[in-house]
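Below are the structure tokens for one structure; questions will follow.
Order of writing sets the chain letters: A, B and C. Residues in each chain are counted from 1.
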Amino acid sequence: MRGGLLHLLLPVFFALSLFLGPYGFINPFSHGLGAFVLELRLLRALAASLVGLALAASGSGLQALLKNPLADPYILGVSSGAALGVLAAIAAGFVWPLAVSLSALLGGLAALALVMAVSSALGLTRTSMVLAGVALSYALSSIDMIIMMDLGPAVQGSLAWMFGTVAYALWGELAYAAPLMAAGAAWIFLRAGHLESLMLGDDVAESMGVRARRLRAEVAVASALSTSAAVAVAGPVGFVGLVAPWIARLGSGGAFRRIYPLSLSLGASLTVAADLASRFVEPGGMAPLTSITALMGAPVLVYLLARWRG
Amino acid sequence: MRRKASSSVAISLIVVAVVVAISAAYIGHQLSAYSAQVSELYSAVSSLNRTVASQASAMSSIASQQQSIQSQLSSLESSMRFPASAVDATGQQIVVYSEPTRIVSLMPSDTAILFAVGAGPQVVGVDEYSSWPPCLSALEANGTVKDIGSGWYPDPEVILSARPDMVFGVSSVPSNYALKQQFAAYGIPVVLLPDNTIEDVLQSIYTAGRLTGHTGTAQLLAENVTAELSYAEDSTVGLNRTSAALIVWPSPIWVAGNGTWEDQMITAAGGSNVFSNVNGWEPVDPEALLAARPQVIIYTAGHGQLNYSEFISTLYQELGPAADSVPAIASGRVYAVTGEYNDWLTEPGPFVGDGTILLSVLLHPEAYGMNYTSIPHVVSPDTLRLPVPASVPVISTPQCASAVSSP
Amino acid sequence: MLEADSLSLAYGGRVVLEGLSFEAYPGEVLAVVGPNGAGKTTLLRALSGSLEVAGGALSCCGFSAAAGERLGAGDRISYAPAYPDVDPWISALDLVLSYRMGPRRPWARPSREDVGAALESLRRLGAAALGPRRTSEMSTGELKMVMLAAALSRRSDVLLLDEPLAYLDLRNQSIAMSALRAEARRGALVLVASHELHLLRLYADRVLVLSGGRAVAMGRVDSVLSEGLLERAYGVPLREERALVPSIHRAGGARERRSYCNYFRCGAPGRY
């Protein structure tokens, strides 16, 4: 019952996001510049919702799959790969937003392909996936640093991307990224029963007909799809993918099938709220979405943990 | 006799009467002539009044005709200036149909160029780092110009709350591209000016002038900049190139390398950049500075953040006692450039010519009849006057007009 | 109903069992015993469908598997592992419900009937109080009772239980054994792998003894389990360690000797 109420957060924050901003309150029926700013706010709120949803889906799926409560969407190296794609594009001179976001998407998927290839050779076990992902993340991050040093002043512009923002979202980006995010999240939903059985133990799940190896491959690909698309739109927004499943788990309780939709909704709410806050924390500049989601999400998580303990 | 007396009386009476009558007639005639004259005069005066009045109205009608001719001329002029089109650094052609009256600038270099081509009165928003021209702070204080925050990570809503009809960014910042595409949906052109080399500066001056309706001023400015560059080159022609390092940040040591306007300015000023093997602005090892052995070190010290003695002690910390082996340090030819002179070097703006002349003075003081020992370590407009003749057009700092149009 | 025909199983590249042939029927409790590593768990995993058959054939409840295949009997089989490896954040009730609902239907929500059945299953094993508790807050024994309740909640035709009595205290062992017998009475086939040899006669009907990769004995608990067999199967001199298996007194007759001497090298009669 309480979980149902938490779903209400999304429409509330979405509506606030349309009405509040440095431009002021906008009459929905106005024309001209006000209408344009309203459209930009709508675009931002939509992008934030989708990104939060996609990252929460990916985080939930990976936490269940890897049986690791600290798993986040980037544990398989997707964000480092996306960053490499973006930096390579900027260094090569492809600075148009669509080119940048496509490079992020391709970079993330390529990183996953590499991790899956390495992990496959090692039996596609949970451990091999995590180790391959972490190793690739470190390797790619160091390459990213080298490229960033070489970029000179443009590095400041790429830093904006690194911290995550939906302020520069475009309808064209959403047009191609939204289906990918939705597809990844839906795919994980279709496997929700399998993931829930996985929580009973690998051998128990196998006895119920769950092919663990195949499930790992599927969920990894689905999660990388939605994560890469989210990173393509907003850059690597951290913390949402880690904390939304946790708030769902602690706030509502229950097994995977029950908390998955709630974690999607909470992920979207958190990101929209963070985007809204970022307009006021540093008006005119850019407050990184990652920091704000962390600042907002961490106290909630600590509170829930404390209440659960007590 | 009585008859004689009365007839003489009668005759004298008649004579008198005739005389009186004649006099009266004469006087009457004169009077009427006078009165006719007076009324003539009167009508002449009133007709003169009328003439004056009609002349005045003719003058005022001439004046208003003159005004309408003037406004026709200016609208003709602006119809000659607009619609204007130019290609920005992204290769996109931008067409402007009327004079932009609410311009927002996202970068200090754009702000400087806009004010220098005379578009200052049309600027209503600048980024937080824009500092040239110096009167900008007064404009921001009285609300004429709005601070729209960061140009590196611009907030679309804050920019739009200034209700711009044109935005100027630069082509080297990726977020500006996103802004360009976003604002295109509403028809606000975002002009991305190139900002890497001296040629970029000249191109930007031309583009900015064209799109804001100041082609003539822009042309003049570009010619002035070119003239200054030529002056610096001619002053130092034939002299051995002085090796120089231009340091933009002391710790770690960031230098300006190949492909930057600072590099080009050093070359034009008769020097050679010891770090031309480096691409763009990059950090280098202290050992690289030791190995490069520059004869002159120029440090752009901002507007007073880090001073000369701190800079020198930082260098000694990083290089150790080997610092004394660097020719620039040993000979004392280390200069911290501050104040407006700093902007001349650090921004790809309309003062690159002035900056080049400044560099030529630091690199080849002998070309100007100076000894390098007479150049102070802290170089600012207060401590060093540029020894240029009046024929060389040094940039004049624009005055900021207070006129601004309503949204 | 359950039939193995020259079954061989391999695990980790090693052949664990070969030439295994036996049958089991609904309504009985069949215990599988043998030394550590003899293949009890491997056999159970193959029967549960999480391990491929390496050779021979295996069939159960209308499904069969030949070499290279897995036995996919689905809902007909419920498996409970020896050491539960479950998510620490779910409650016992959620565990039983998840088990009961299985992996299909991602949108499934537990119905009232599901919840009732789950609670009933927990209650039958005396674990109703554990319902709302998180699995991380339970002892291993309590968790095993919950797993057993989960396996029983499906009321499947075949129950495969690996070491169901391990970690349990005296009372819980008694409850568990009663529950196993009750399942057999219901008509299920209950296969139990166990080390608790002294308890077998309390709940098991037949026993299958595995040793050295083969079945060395199968039959009623009373008749099969003798000192001689156990000595050879486990490699333990029972004469000196009689206290290890307190309920096994029988030294074993000639007929039993003949049967297990097929598998072990026996010395002169009377010598063990």
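Criterion: contacts are C-beta pairs under 8 Å (C-beta built on N, C-alpha and C of every residue); 3 or more make two chains touch, one makes a residue touch a chain.
None of these values were measured; they are calculated from a predicted model.
Note: the chain lying farthest from subunit A is B, by mean C-alpha position.
Of all the chains shown, the one with its CA centroid nearest the global CA centroid is A. Centres computed as Cα averages put subunit A at a distance of 48 Å from subunit B.
Each chain gets a centre from the mean of its Cα atoms; for subunit B and subunit C, those two points are 92 Å apart.
Inter-chain centre distance (subunit A to subunit C, centres taken as mean C-alpha positions): 44 Å. Of all residues in subunit B, those touching subunit A in their complex are 128, 147-150, 152-158, 160-161, 163, 171-179, 181-182, 185-186, 279-283.
Taken together, the subunit C residues at the contact with subunit A in this complex read 45, 48-50, 72, 74, 77-81, 84-87, 89-91, 94-95, 97-99, 101-109, 150, 160. By the touch rule above, subunit A contacts subunit C in their complex via residues 64, 67, 69, 189-194, 196-197, 199-210, 249, 253-255, 257-258. Contact residues on subunit A toward subunit B in their complex (touch as defined above): 21-24, 33, 36-37, 39-41, 90, 95-97, 100, 149-154, 156-158, 160-161, 165, 167-168, 170, 172, 279, 282-286.
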